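By written order: A, B, C and D. Residues from 1 in each chain.
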């Protein structure tokens, strides 16, 4: 089940970077929903390789085609939905040498061990960021259903290369004030400086990392399950499925560890007839169950491991140290494309919990 | 399956803080293993409420009794193993008023919503830290099996109340140098100051948080599965099942987000005939699969939400704001008892992956 | 998950015939339900070893004690429910010789292979019919919840030793006309003759088999899921978990294979404003989904393999043929105690589907 | 998970009779296997609509295309394998009237209730026998892997329309003596008479049912798990996923219910250094675990519910009784195409257990 996410909104992802197709099979969709293909395509376009200095020159339409799961009126019919995306722009010859000399920071070596050398090395195989395309399909579809329930999900680039967007009140995240574009932020100046840092790294044959912060608003209290199926467990499991994530935190996260209880507890109060908190250091979940306050989650992305600079590695075949120069097309920073991926993962989990309720 | 952890080493936890018993049912143990009850008891004693200023005055033997799953020679026999722990020292009257006025930072309110007021409020019910006792049983048993495979797991109090233990080389974590006692550290002076800070918080009717860092050494390369069942996904899912965890990170974690690829990538090299890395910023997992380097994971614990200071809350029955003073017995810092819990959760996940392999 | 049944009403069974305890952990119960312990005890008494010629002389109270999952008012609280049953009357010495010489028709040999000789041989270990006691607990609790939803479940001894109870209209099974007692039938004369045949077999040191037929009425249309999680798939999976079941069929079952479509199809008609069928050859499920007609399922039980007559077997230790005489206490016919087990298994599955809906 | 089969060889099926595509995603395949596409195609051809009087005039190539899961050498690479089959010959207009007037014996009505009228009515939607095409793909692939482990699986038409193939020794099923062709039997005369009966039923606008008997030889002892994941539980769950199955039995099945223990028990003996039984009334599984003797399972298929004769039904829209005449293309007997489906389901389950071991 390693490629499957969710209990009730069950997303099975398949494909490799250079297999003929990638896609997703989704079980558990309510019947009678007509997928909003324009909305889905617009969402997926945010993840697709773009233009400019921010991402890889590889271009793909990333057009998802639904080949199963709809009735003759184009509505979900109770059967699993299958969406396919063709891999049309794969340049597999770039990767041949990697089979022997694994890229530092990549899964080349660990996949080689795990699958006894049968792993698909082309484009990173199943470990490629390309597999986030079907995740974004599933997430966009989830968002469509959540939108109808008054739930909104939006992420921003909180930091890139150490440059940080402005602080906000976690109890009232201004979702609509987050900018469009490859580096969604509240402060346009921060986005500009982030873009600059990315361009500098690219020029240096290097890469940078960053932190994505995601909010979900409109959540009812009571979603999630105790212990191992709480909001945090499930969101964390989903987010660590996105390549390059090294940490996940909720509310104040690691910062909470340095506070006193009296500084960290969010006092309850009545607001408009319902229970709320003035502050939101808990990030919308207590005991794994939503409190009705906005969900706040952060994911740390490491710098893209594929860099143009020369690196040290080994030859697996010869059992000797070997130098490596990575060719191929790579993002100098994963954050711009990771923002919609984080939203998608969070959307899948929240819809899963909503349907479970 | 919200109380169940693992695919092959499958741990189902049950009980509430004040139910007659708590326990665990474990499926997937290899047959023929004689549980080392002394080892398990010693491990569980580390989690049990202790003496001194560091933890709650509640005392419990936490003795686990195995009532199913062993043959007449005391070996696992292929049947699920069931271990029971009696709740003998529960003072339920302390919690009556909490049903109406939920404690900030606790699951009282969210559980009330989720279970429509039928939640067990006594001692926090199923959300209590007491439920980590069966987790520690399962973890100790896992450690026994891992020990036989040359795998060691050890955690330390990396920081408490902002006081930090010394830095180490993540590629060579000195497990044996970590001190015994309630605040395992490398630097005894750090432990002393942490204990001091905890005592101060207790005296002030307040609490503090901290970060636990856990290492697993002796891991073969190739454990874990791609995408959603990788090492990080599974360890994170398990760790967020421990109450008060707000963030989980691997290797350099959030710090990685501020580095360049050339600074973060760990170069491969041959060492003693196997592939290794000199540095271990990746924390032992690449693409969700172990690399053979030590696993490094950190969990951030918020300050104990139960504090003696007066707090603001609401009366759920009257739908009005209401003041709250928490009585009962509480730890001023969860870290000392969280250290073995983190080890246990990591052990369960690693054994799960080992058996899956 | 081999000892776990159900998606939403999730029953995990543990224990062996002679382990200190056996029991069940149940996840997914709605909160706020007070288990009707009298109802449950009465139901479990039907499965417990009885008196007279029909069953084994082993006597056990089979009293289930709920040790977790209830709040202070005795209601389910959202936490997993754990029920324990003590094994108080185990005479393990009866089984020692079986470790070397497996009983024909039993799991002694296959368990020895599977668990490399570590299987618990005492009383059949985890393969014992004793494990149906926790199943009956879970089933009785399920029946209590189903009763409140207007769903009734009742089974009868359709045949024993070739003696068959009278035919009925499957569209209108007269549940209330099924007799109480160890051999529930419609025709008391059939029950008398079945009892006679069982007594004869016992006297001859032999055993007999039979067929249990179970009905569920009051089911709404629309329960179950397509393909592998339909009513039949799930009921069959559950029933084959009861020792000695060799076949499961629905509606006309194997008889349907000899009919023409025009003879087998049940015509739809409107009745009291809802869709119904006059006949019920389909047994209440079409495409794996309930039709609103009574569920009709039959389970074939082989004759108890433990017989007093001398049999041929092998010595596993010496790798030679060896004679066997089985000692210990055994039912000459499993049907009387299997009737409530079948009801329990069906009840668990139906509640599972009801909660899933 | 309703469309998913297996724990380790995990087959997720998707599609509807008239969706653009149907297919399967398979997780858990060992890496390094090159699918034998000729073998798979030949196997799938046995299920595909054929010629002559035995099956529907609908013709489809049923060519499966693997679009994910293989490396550049055409071997499995550790990623999920996805196989697609196009639906090219769908005549959806045949089914329009069925949305209002459900066919007796079909899932039209139950699916309408379950999915609130959004079910895909075209060709039976996801309840169509067409969905056994991807099951056959998965089964053929499983057979390829089992073949390499010395395990063979073969089914025959045991009976059609009451005409029965000859009896055999269940301990030594002569797999190679089973004929090729649409009605595999041991006795060619039986096949001839079955074909005749099918032709007669077709001529009368009617249909007939039958029983398929399947054997698996070469199984090691020790496959399967106790209680709910035994051989029988899993095979039964899989077989009831094939449309029209009404009963499943193992070994002597329902016949066992009429025997005495002394007549039914299979004595153990040593043969060629391993434990065996001379007779095989138990059908290869004891306590849910394989004994090393051939697995013997039978599935009863009802007569095809789609018949040309006029039938009584209801108009769901008007809530009134309504006559029905079914148009479209239908098999007068499902058995010829069910034979490979049964083999496929059994193969999937056995490989699942083999990989689990």
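In this text, contacts are C-beta pairs under 8 Å (C-beta built on N, C-alpha and C of every residue); 3 or more make two chains touch, one makes a residue touch a chain.
None of these values were measured; they are calculated from a predicted model.
Undergrad: Please state whether A-D or A-C has more C-beta contact pairs across its interface.
TA: Per the contact counts, A-D leads.
Undergrad: For subunit C versus subunit D, what separation do you get between their C-alpha means, in angstrom?
TA: One centre to the other, that is 26 Å.
Undergrad: Averaged over CA atoms, how far is the centre of subunit A from the centre of subunit D? Could you give it in whole Å?
TA: 40
Undergrad: Counting only Cα atoms for the centres, state how far subunit A is from subunit C in Å.
TA: Their C-alpha centroids are separated by 47 Å.
Undergrad: Going through subunit B residue by residue, note those that touch at least 2 other chains and give them in order.
TA: In subunit B, the residues touching two or more other chains are 1-4, 13, 78-79, 111, 114, 126, 226.
Undergrad: Chain adjacency by touch: line, ring, star, complete or other shape?
TA: Basically all the chains touch each other, so complete.
Undergrad: Which bits of subunit B are touching subunit C when the two form their complex?
TA: Result: residues 1-4, 10, 12-16, 18-23, 25, 27, 31-32, 67-72, 75-82, 84, 92, 111, 114-122, 125-126 of subunit B touch subunit C.
Undergrad: Would you pull the subunit C residues touching subunit D in the complex into a rising list?
TA: 1-5, 7, 13, 102, 104-107, 109-111, 113-114, 126-127, 131, 159, 161-162, 201, 206-211, 221-222, 224-230, 232-234, 236-238, 240-241, 243, 245-254, 256-270, 273, 275, 277, 282-283, 285-292, 300-307, 309, 311-314, 316, 319-321
Undergrad: Which of the residues in subunit C come into contact with subunit A in the complex?
TA: Subunit C reaches subunit A through residues 78-79, 226.
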